[in-house]
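Notes to accompany the following structure.
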Amino acid sequence: MAGNTFGQVFRVTTWGESHGPALGAVIDGCPPRIPLRAADLEEELARRRPGMQAHATPRREPDQAEILSGVFEGQTTGTPISLIIYNRDVRSRDYDALKEVFRPGHGDFTFQAKYGLRDHRGGGRASARETVARVAAGAVAQKVLDRENIRVVAYTLELGGIRARNLEESAIWDNPFFCPDPQAVPAMTQRVKEVKAQGDSLGGLVEVRVKGCPPGLGEPVFDKLDAVLAQAVMSVGAVKGVEIGAGLAAARMLGSEHNDPLIPGGFASNNAGGILAGISNGDEIVVRAAVKPIPSIAIEQQTLDLSGQPRSLSIKGRHDISAIPRIVPVIAAMVRLTLTDFLLRQRAIK
Amino acid sequence: MAGNTFGQVFRVTTWGESHGPALGAVIDGCPPRIPLRAADLEEELARRRPGMQAHATPRREPDQAEILSGVFEGQTTGTPISLIIYNRDVRSRDYDALKEVFRPGHGDFTFQAKYGLRDHRGGGRASARETVARVAAGAVAQKVLDRENIRVVAYTLELGGIRARNLEESAIWDNPFFCPDPQAVPAMTQRVKEVKAQGDSLGGLVEVRVKGCPPGLGEPVFDKLDAVLAQAVMSVGAVKGVEIGAGLAAARMLGSEHNDPLIPGGFASNNAGGILAGISNGDEIVVRAAVKPIPSIAIEQQTLDLSGQPRSLSIKGRHDISAIPRIVPVIAAMVRLTLTDFLLRQRAIK
Amino acid sequence: MAGNTFGQVFRVTTWGESHGPALGAVIDGCPPRIPLRAADLEEELARRRPGMQAHATPRREPDQAEILSGVFEGQTTGTPISLIIYNRDVRSRDYDALKEVFRPGHGDFTFQAKYGLRDHRGGGRASARETVARVAAGAVAQKVLDRENIRVVAYTLELGGIRARNLEESAIWDNPFFCPDPQAVPAMTQRVKEVKAQGDSLGGLVEVRVKGCPPGLGEPVFDKLDAVLAQAVMSVGAVKGVEIGAGLAAARMLGSEHNDPLIPGGFASNNAGGILAGISNGDEIVVRAAVKPIPSIAIEQQTLDLSGQPRSLSIKGRHDISAIPRIVPVIAAMVRLTLTDFLLRQRAIK
Amino acid sequence: MAGNTFGQVFRVTTWGESHGPALGAVIDGCPPRIPLRAADLEEELARRRPGMQAHATPRREPDQAEILSGVFEGQTTGTPISLIIYNRDVRSRDYDALKEVFRPGHGDFTFQAKYGLRDHRGGGRASARETVARVAAGAVAQKVLDRENIRVVAYTLELGGIRARNLEESAIWDNPFFCPDPQAVPAMTQRVKEVKAQGDSLGGLVEVRVKGCPPGLGEPVFDKLDAVLAQAVMSVGAVKGVEIGAGLAAARMLGSEHNDPLIPGGFASNNAGGILAGISNGDEIVVRAAVKPIPSIAIEQQTLDLSGQPRSLSIKGRHDISAIPRIVPVIAAMVRLTLTDFLLRQRAIK
């Protein structure tokens, strides 16, 4: 109801605020006898860690998740897995100036409207820091997917209008933008530098490809695989649009162009993005997310304070210039959680 | 789990196949003492009715919903509302030829893979006919929204590449495309005529605007208002992309362009599409859906039969040339169901 | 939320009022390829049919369920199964006298308090007639259990203080009380006759035994198998107590008496009633329900009317003298729904 | 699905094992602006704390819950409340002898059957220690109930066959049995002493009374207030039976005895236990639970080991002689969680 739980069989509930003592996730419904150690969570957590990218936030957090339950002698037991990530480098004072003012593009105004109060420190629950728990849970989900040889590959397709033209999976983690096209990296670097100098921020596109997904996952009416993927991806803070396969381009295609012919062994094209009638078709699943620019900018903006008076605001402090690339492992995590849940849901009706 | 239910407080469960005796919806959680009569469902059902548009399907269905429970002396009682729409003009024979073959772009292959069998007649549960129950339920939801003066306006923004440039709400229902720009109608008519002659089909864009939504609706983590709207809209058969506010364009904007300044009484712009941090901000909610072309085309296509042998296929019969405009009231219904549910969810935590 | 749905994988939503046009159930999550025909529902529906027992209600309803969706060529398809049972013998006029008065022991007062209005005709949704949809759905559940050779045996253990001492399964359906002990039948007949003459009503005990349940079903914390069985059984109108295995007697036993020793092949006793730590142990599952006397009695009672004024009330009309035996197939149905759901839930985590 | 979550609006998810580093609960859906501090949880946690009663377990745990999220400046924020209770006095070695053997009356056998492995240390997730998280969450629920002046009073009605005849609320916490009848205490003391000397264990009855509950809570079909209370109470480890109001005695009453006459201001009797047709009627809610004797006894028992070989077993170590009285605050907590959830559910449909 209050929406901090995702999934139906593989259910993840997250909790925690940016400036509280810790954040965490409880996973209920993970199958037993999956090998799992805290170290399994490190790689993905490192990818969304603040301060790892040259252009990114200087808040320093080790972001190591501890496993508090649900694992015995290196294997999951079928009982809830509780993950905790402590906050270390908390400087709540930085936010004192923001206590009385609504930052444009942030949830300050809407949290206040919804709850009648808010934890203003670093955005509280609305902070991007909330996603650390998603990434940890997504890494557990991947362990379930590993048994089925399902892989999730996510990367930056476009940053500030600079697009990756080639997709070299091996190149993704070799550059600070998680960009699969090494040729695009210099232009991205340049773009980030310019915009940073202006005190402004950037958006972009993230693409996810799921390899090895069997046909038959997804439920054909409201819980279509693409529908729940759309929810999953759009639930990540900065996302304003989601596409599956051909996506928006499909609106201008003819049926004869868009339909993917069936051929022995699969499909001749993949405009469907691996999903037909809400059910996986065995082809690669392709999802794209449009990421808005980070709303915290140094450029002066018009806004209101708590009492409704106009204020002008320039946001200093430890902020990323773009949600990309740190959002890449977060979106990957949401795709992992979705697929794991549908994988287990499908078993129930067999 | 099997995903035929939508919503958490205002819960709608739909059932029925294209060529079964009837389709229906059960609404559980509708507040009591809402005035409701079968006639309240007629207008929206008429808008998605087959055969109403010159270019559309000749299947003739009166599509009148009956209310079987949950209403007493013209008011809802708080108990489940059962709606039923009988199928009348069923010609299952038309589909005999399709029993053994997978239609490209349809759910035939994936239903077979998921369930090990399928009702091939008219697509069974995967038919667009399934949406009649959504529209009926959406009309009930609107009765709840009426009490809060929340209106949902939906229309065709683009069809086959022809875009509505002006949005005149009063013009929407005056043309066969549900297009709010009378200037665009002749070009749409021409485009449909050409493509029909080629035996091909068209896609387009549908836009929905919610007027009068109070701030505070939506749950800030996984069940963000935009996330659940994305699921809701993407769960409609032909949709391949969903945008909120600036949508995909946000990916190329700067923070200083995208942020909507707060001003007394609201916001100076609406790139957010009325939603900040997953919660409504009181501004107009703007959602767009990219609709793929109808997959059933007369043009010959490559495919496989049930035994995996290559076949070529030309689909004749009673098919629309585009899911637009009949999909417009369906997407509106999904938006209505989503808002009604969040409206009631918000009451629970007050 | 509004609670007309039961189950998580095998989800049943019921709808309908005593004096509306029909009642029904939608089953979402039934596995595909289960053989199912309307005739499969007849036997259990006949057992709860009004007017079948000498001492019971004279309302005559054929109570035949129709299957409106989810079955194709005699097999379930994995899509929602919609069941409908039309009301035929409705005499709403009988209830005009009750429009303004709260019947003691009935839901009249609480429905009015909850919803601010009520369908007073025959109790509306609070009528025992609501259970016809449960029985139909339970018969579908049994088809799933059949594949696992799980049987559910339910019977009257006690009626008006007369207890069945011997449990002969074959005798259950041979007498009007669904009593497994033919020796107890004459005393029950006599007891019913006396109480009927007094214008009063009777309660009793119903016992259910599940045979062939494999070990491992049930979820060990809040959704223990016994906990959900308790909800399922207590959700049937007249039930005021639920026991598992030794039940209330366990409160006066010593640990050395109550513990069931493990022996090769099973357990040496069954005080646990087949459930340990909320999970089935492979032994027979034993559940008992205490059924209160029917509240509609001819004897004059004190009560209030809608305006809060004292009234005296004697209820005439078509009423059973006891919920037993018609409640027996209803409780059996709830046990079937519970087991089927846990059976499918267990598959999801394998 | 895996059942570690309770409630629909006020949702509590618990996690943790007896011998893991900690246990905890995440509460999602608590309304904002409820005053809450860690100290609010102490009283109820103290009542279930091991080692507080003369006859009880010597495991020493401070059982102080920390609040890790969801509270800001002493008030709830509407975001998830994460509670954690660290395990301190863990002696897992004590359980090495039990690794290979199934304890009669415990979940060892069924956990192994369900998951294919188990955390044998102290029963793992099946330990009564799991309930510490329920009690902490129940204390938060009580803060919500406080705003409505709803009180939950729980006590030992019977222990080892010794029954409390008078109910003096003020006496409950003045004796080690949480017995409301001071006269019964000496006999209980004697009974415990005898049975302890025999190496055996005891069961009993716990009763809960809810005072101040408004009419209208509960959902009338599957989620009747009494049905969900039955689930809630039966989900506590040792409970084998649940009664509402007259409970099992109702089975032998006549309608004229059982019906509670309505009189101005309420009801003339309370056989209903405050619930009619699944909805609270404004009278005191009365629930009773039958608690089986603790299965860990020193008396030698027959059982099997993991390989299916017969073994005899005498359980030494730190065990209570009865789940009573420590189970009293646990059952109270479950009642609190249930009422809070229904209170908030009711708001959603207003």
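Letters A, B, C and D name the chains as they come in the text, with residue numbers starting at 1 for each one.
Just so we're on the same page, contacts are C-beta pairs under 8 Å (C-beta built on N, C-alpha and C of every residue); 3 or more make two chains touch, one makes a residue touch a chain.
Because the structure is a prediction, the values reported are computed rather than measured.
K.L.:
Which chains lie in contact with each of chain C and chain D?
P.N.:
Correct list: A, B.
K.L.:
Is the number of contacting C-beta pairs greater for B-C or for A-B?
P.N.:
Top pair by contacting C-beta pairs is A-B.
K.L.:
Let me check something: if the centre of a chain is the mean of its CA atoms, which chain is farthest from chain A?
P.N.:
C
K.L.:
Take the average of all CA coordinates in chain B, do the same for chain D, and state the distance between these two points in whole angstrom.
P.N.:
46
K.L.:
So, what's the distance in Å between the C-alpha centres of chain C and chain B?
P.N.:
That gives a centre separation of 39 Å.
K.L.:
Need the CA-centroid distance for the pair chain A / chain B, whole Å please.
P.N.:
The computed centroid separation for chain A versus chain B comes out at 27 Å.
K.L.:
Two-or-more-chain contact residues of chain A, please, as numbers and ranges.
P.N.:
1-5, 8-9, 14, 29, 32, 78-79, 114, 125, 220, 345, 348-349
K.L.:
Help me check something: in the complex, which residues belonging to chain B touch chain C?
P.N.:
Those residues of chain B that touch chain C are 1-5, 8-9, 11, 13-17, 20-24, 26, 28-29, 32-33, 66, 68-70, 72, 75, 77-82, 114-119, 124-125.
K.L.:
Mind pulling up the chain B residues that touch chain A in the complex?
P.N.:
1-6, 8-9, 14, 102, 104-107, 109-111, 113-114, 125-126, 130, 158, 160-161, 195, 198, 200-205, 215-224, 226-235, 237, 240-264, 268, 271-273, 275-282, 290-297, 299, 301-304, 308, 310, 345-346, 348-349
K.L.:
What residues of chain C sit close enough to touch chain A in their complex?
P.N.:
Touch residues, chain C against chain A: 1, 8-9, 29-32, 78-79, 220, 344-345, 347-350.
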